[in-house]
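Chain lettering (A, B, C and D) follows the sequence in which the chains are written, and residue indices restart at 1 in each chain.
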Amino acid sequence: MAKHRGRGVATINYPIGMNLGGDPSQALVHSNPTGKFTVTLSSIDLGQGMKSVTRQICAETLGVPVDDVYVDTADSDTGPHCMGSFASRGTHRVGNAVMAAAREARAVMMEAAAEELEVDPGDLETDGRGNIQVKGAPHRSISVRDVAIAAQFRQGKTISGRGIFLVPLSDVDPETGEMSPATCYAHACLVAEVEVDDETGEVAVLKMTSAYEIGRAINPKLVEQQLVGGSWMGMSHALYETPEPYYPNTRDGPRDFNEYLMPGPGDICPHDIIVLERPAPDGPFGAKGPGEMCANPVLPAVANAIYNAVGVRIDELPITPEKVLRALKARGGAPGSGRAR
Amino acid sequence: MSVTVKTFARLNEAASALSSERGAQFLGGGTLVMRAVNEADPSVATVIRSTDPGLQHLAVSSGRVELGAGVTMAAVLAERELAFLHPVARAVGGPAIRQAATVGGNLFAPSPYGDFAAALLALDATVMLAGGFGQRELPIEELLHRRERGNTLVSGVAFKRPAADSFRFSKVTRVHPKGISVLSIAAQLPMTSGRVAGARIAYGAMGQTPLRAKAAERALEGRALDADGIAPALAVAADGTSPVDDPIASAWWRREILPVHLRRLLLGAAHT
Amino acid sequence: MLEFRKDIFADERDDNLKEVGQPTQRQDMLGHVTGTSPYYDDHRFANLLHLKILRSPYAHARIRSIDDAAAARAPGVKRIIRAADVPVNLNTLLSLIQFGKDDEPSLASDVVRYKGEPILGVVATSERAALEALALVRVSYEQLPAVFDVEEALKPGAVSVNAVYPKNTFEYYGKYDHQKLRFGDVEAAFKQADAVLEDRYQMSPIEHAPAETNGSIAVPDTNGRVSVYTSTQALFFSLDTSAKINALPSNQLHFIGGTVGGGFGGKVDTMTEPLVILAARLTGAPVRYRFSRHEEMQFGSPRGAERIYIKDGVMKDGRIVARQVRAYFDSGAYTRLSSYAVVKCVAHIPGPYTIPNVHADVFCVFTNRTPATAMRGFGVTALDFALECQMDKDAVAIGMDPLEFRILNAYRDGDMKAHRRQAKNCALIECAQVVAEKASWPLRDEFRRMSSRQGGGEHRTGAAAERTRAPAPAVPAATPRPAPASPQRVSYERPAAAASPSAPPPTQAPAGSTHGAPRFSSVFGTRRR
Amino acid sequence: MKTPIQFQLNGEDVATFAESGANLLDVLREAVGDLSVKGGCWQGTCGTCTVLIDGAPRVSCVTLAETCAGKSIETAAGLRRGADLHPLQVAFVERFAAQCGYCTPGMLMAAKALLDRNPNPTRADVVDAIGGNICRCTGYEPIIQAVLDASRSNERRRA
């Protein structure tokens, strides 16, 4: 038996938000009478962290601690319209809408504070710890709590804001395909190292090294969740998954998790990830969206690594051991060893 | 209507109920029958179960092993004397499934399930049947041959304890640690003066039921377990098998890799 | 496991932030680890009824007759739901943004077009009672020939899958059977290329397999409204689709969701809400419609299969001078979102590279299989697989390191893309450089020095400058540089001779193009150029 | 036909009625109201509904409810001691070992079954212990790390 190692690489980019735009999201932000804020959305958190990312964006924009913000998602009676959680649009589209709403709320908050401190709103700043102070004179400050009480009970102001973010819809030229698909793109490069068993066609992914450029990591732990989980899904797409194992023939479709193949906890590999941040001009604090693109570079990187290991090209997904073995037999076995790289 | 569940203190009562009731199924660990019940499978109108302590019977002597049909994979793993079967029991599902999956149930698990049954086939197990008219025994081959006919209630299995290090098992899966079989191979390889004497080799997922590799057994007789010695056996490894395409693997791939994994098993490079 | 390279692009960032950039704990984590996060099925209602669906056993058949009398009399059955009960029994998801024609019934009445297509529903006091009643329904089918291969489906005389699109292709701009991309002149460039490589790529369908299957619960509310607890990924998408199919004003529906057990694109299609709302209104009781795992795997829409042909023209010096793509999206029996994926795919061609001549034709094709939908990386995942495998083959063909080959062709700020917009905010090269460093993948100095910024650094300056005279599809010239010593390394000189005299593409869309996109904008008003 | 059934749930006596042939998952959720147990397949193939019965991990969707009469059942709802999180819950939080959170209760119970039996597991032990539990979000690594962390915190407490 011979096992061959090889490395493969892929570089990709990914458009943020619905192609062509035209996918709005709205947000509402308001303070309760004691200076704690609620963000109201109809957006969905399906694990990607919508609630957490918008919470941090709102806190940063308002200038208050993240603990003073709570995000309420997905009630159509209270949350304003959002196109939905797909197309890596959550952080960029919803984040921008929340930012706009938070800016509007912050303006009212600063006015109310200015009235209490008898200064011009322009002379005030937030300290991020729940206080508003005069620039250069931090001893002249008032807590957000007292501002909210004053606004509600004395000034009759509502510390609240509305926000919408819309990338206007692009036209498409039917003859040339001229269009504006997206306003920003995330980027990635991934190197996969595999081991191929030339007697069975079985492929093991031994290591992944990647870099993802995502504009701005609003929360590095949530970014890590997406990139680690997403690269696992990429490995799964590359080597295991399909509900139609004999496509285009529809027979023998899996009906359960024993028959639908995905890598188990015993099939995963170490993965070194580097994150780059080149802020998107129209992203919230420059953020793009890591959610969808992270699986994409794994598929071709694994395919190219298999070629590097045993010299066969598998151009059909998933790259099952059967396909590898058939290709190896067709070319009369694997070369001596994987090309050094 | 909801299914009827009938519980019997004694297995032979359960056996007669099983043979008399229409659409009755015996509940082992539940991994097969409860799934069918959840899916409202019309072939399961009545679920028969028994609290007979004999189902949990587990006896290991120097010469003989007896396992009640209700003994779970977890129970096998908990028995140090059955270390040679641990790789087999561990190959059945995750820990939670092993707590449920039984020796008896595995005998009826449709391909590609039934890795433990393949091991029992290699061990030349005798199957005890419970019936209204008391116990009957039959060779495991016979049970596997007629199991589709249903209404058979197994009370337990017994087999000669294999000589030390003479039993080997290998399961090929796509998913680790828990995956169902591409194929599995169980082999009992008694050696006399460095030569194989009376090998029994069984495959899982290479046919409708676990089956013997009779050609390979014959080819191994009197041979040493080295590259040259096993070559004739590998050449006929797939004889008599009838693997099918399923969501896990194609018949072609199963046939292609069977000799490879048989070689690795015979040369001692088994992986489970 | 995760490291940041804050030094790169630092000059473009203000890192003086308090909350953004912090590894703050997820707001929902406590709920997750205590098992108290409220998924749609964690809401409890007295006397909950259960909806189960009869599905077609055939990929293509005419329904002769349906006899559900026995099912209606079965124990626990409260209501049979037939196609005739569905107020608006034809819809397409993107009708919300006026893209495409209504082509999919909620319940099939005359013809079934894929194995598993819903035909009839049973509402009963338990899931089991509903399933047992379904087993009593007798349907008489006349089996019809079916087509499963995208290219077979496009041949003359092929079986017609979907009556709304009889030619088996989605209709773009009211007249085209596919989406085009035309930039420069690929044929001229192929003639001059040192190497031309063509290959075929195929991705099978992929199931989202979320831990929680699709489902929803509809509860008749006071004052005639219906509250819907749902696993949807797009609350208003599902609300408006359900309102349309049930012919209800949207404010009669109250959708509650937002905590979902995984989606990955598989919970956008609104597969359960319209019928569960109908069931609740017809019975006046709360009703749950929860996909079984088997339904989720085989009959809930997957990421559709794609077949992609790529033809590349490459110069010995490493430049890709032409890329032609022909791709077929297997939409299954109905459109759902594949029509949109096709446009997104075209927008992604030729990948993150600057290629002066690009030509693409991408088809959304109907076949007799489960309708496809969006999934993580939608419209791009399979294309990236094909493009990046092709890039590897190109590099091998001209004896160049595959990573250096990518860096050389990578798009830089200011480059003109095939869809006629200037590239900006690029970072592909930097990603490649840091990975090469981390994985000890040897890169020569000039490639380590290259940059995504305007000009792209080093010898790309001339190239990028040339390119920015938009639109300039002709192969750009580069500042000549001496060939490196290494024999198997190729020269990066760009002889002017390599410039292809291809016709510049129009900078504007034909005046008054009044199809397709305008239909979008009639809803959304403003348009971008 | 409903049959009465009694068992202990997270230390409390529970008496309820189970539909004949009902699985434990449906009884816990629909009859008893313990919603911390999630259902993923009702086929015994995803491990999402894992609970402990007399200390052993079981897939509740293929466990006949009436076989649990008189037994002691543990679910994720019982992990917490008052306001204090179980060391496994703490470790899952610290490792960000949940995204959609749907498989998390089952993962926690599969992991608890391991640590109760083997306080100092190897990585391979952890991989085997969660081998029957499908997670579609995390790629498993954070979960494996969390379980290993929890075992170390066990050690700390014993020390």
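In this text, contacts are C-beta pairs under 8 Å (C-beta built on N, C-alpha and C of every residue); 3 or more make two chains touch, one makes a residue touch a chain.
Quantities reported herein were computed from a predicted structural model and do not represent experimental measurements.
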Chains contacting each of chain B and chain D, listed by label: A, C
Between the pairs A-B and A-C, the one where more C-beta pairs touch: A-C
Where chain A and chain B are represented by their mean Cα positions, the distance between them in whole Å: 47
Centroid distance [mean C-alpha coordinates] between chain C and chain A, Å: 16
Geometric centre distance via CA averages, chain D-chain C, whole Å: 36
Cα-centroid distance, chain A relative to chain D, in whole angstrom: 30
Chain D, residues touching no fewer than two other chains: 19, 40-43, 45-46, 96, 99-101, 127-128, 130-131, 134, 136-137, 141
Residues of chain B touching at least two other chains: 2, 39, 176-178
Contacts with two or more other chains, residues of chain A listed in rising order: 46-47, 49, 221-222, 224, 228, 230, 233, 245, 253-258, 260, 262, 264-266, 271
Contacting residues of chain C [partner chain D, same complex]: 1, 25-26, 28-37, 39, 41-42, 44, 126, 208-213, 259-264, 292-294
Contacting residues of chain C [partner chain B, same complex]: 75, 126-128, 131-132, 135, 292, 294
Touching residues on chain D, where the partner in the complex is chain B: 1, 3, 19-23, 42-44, 47, 50, 53, 56-59, 61-64, 66-67, 110, 113-114, 127-133
Chain C-facing residues of chain D, complex: 19, 33, 35-43, 45-46, 48, 75-77, 79-80, 85, 89, 92-93, 96, 98-105, 108, 134-137, 141
Chain B - residues contacting chain D, complex: 2-5, 7, 27, 30-31, 34-35, 37-39, 47, 49, 74, 90, 93-97, 99-100, 176-178
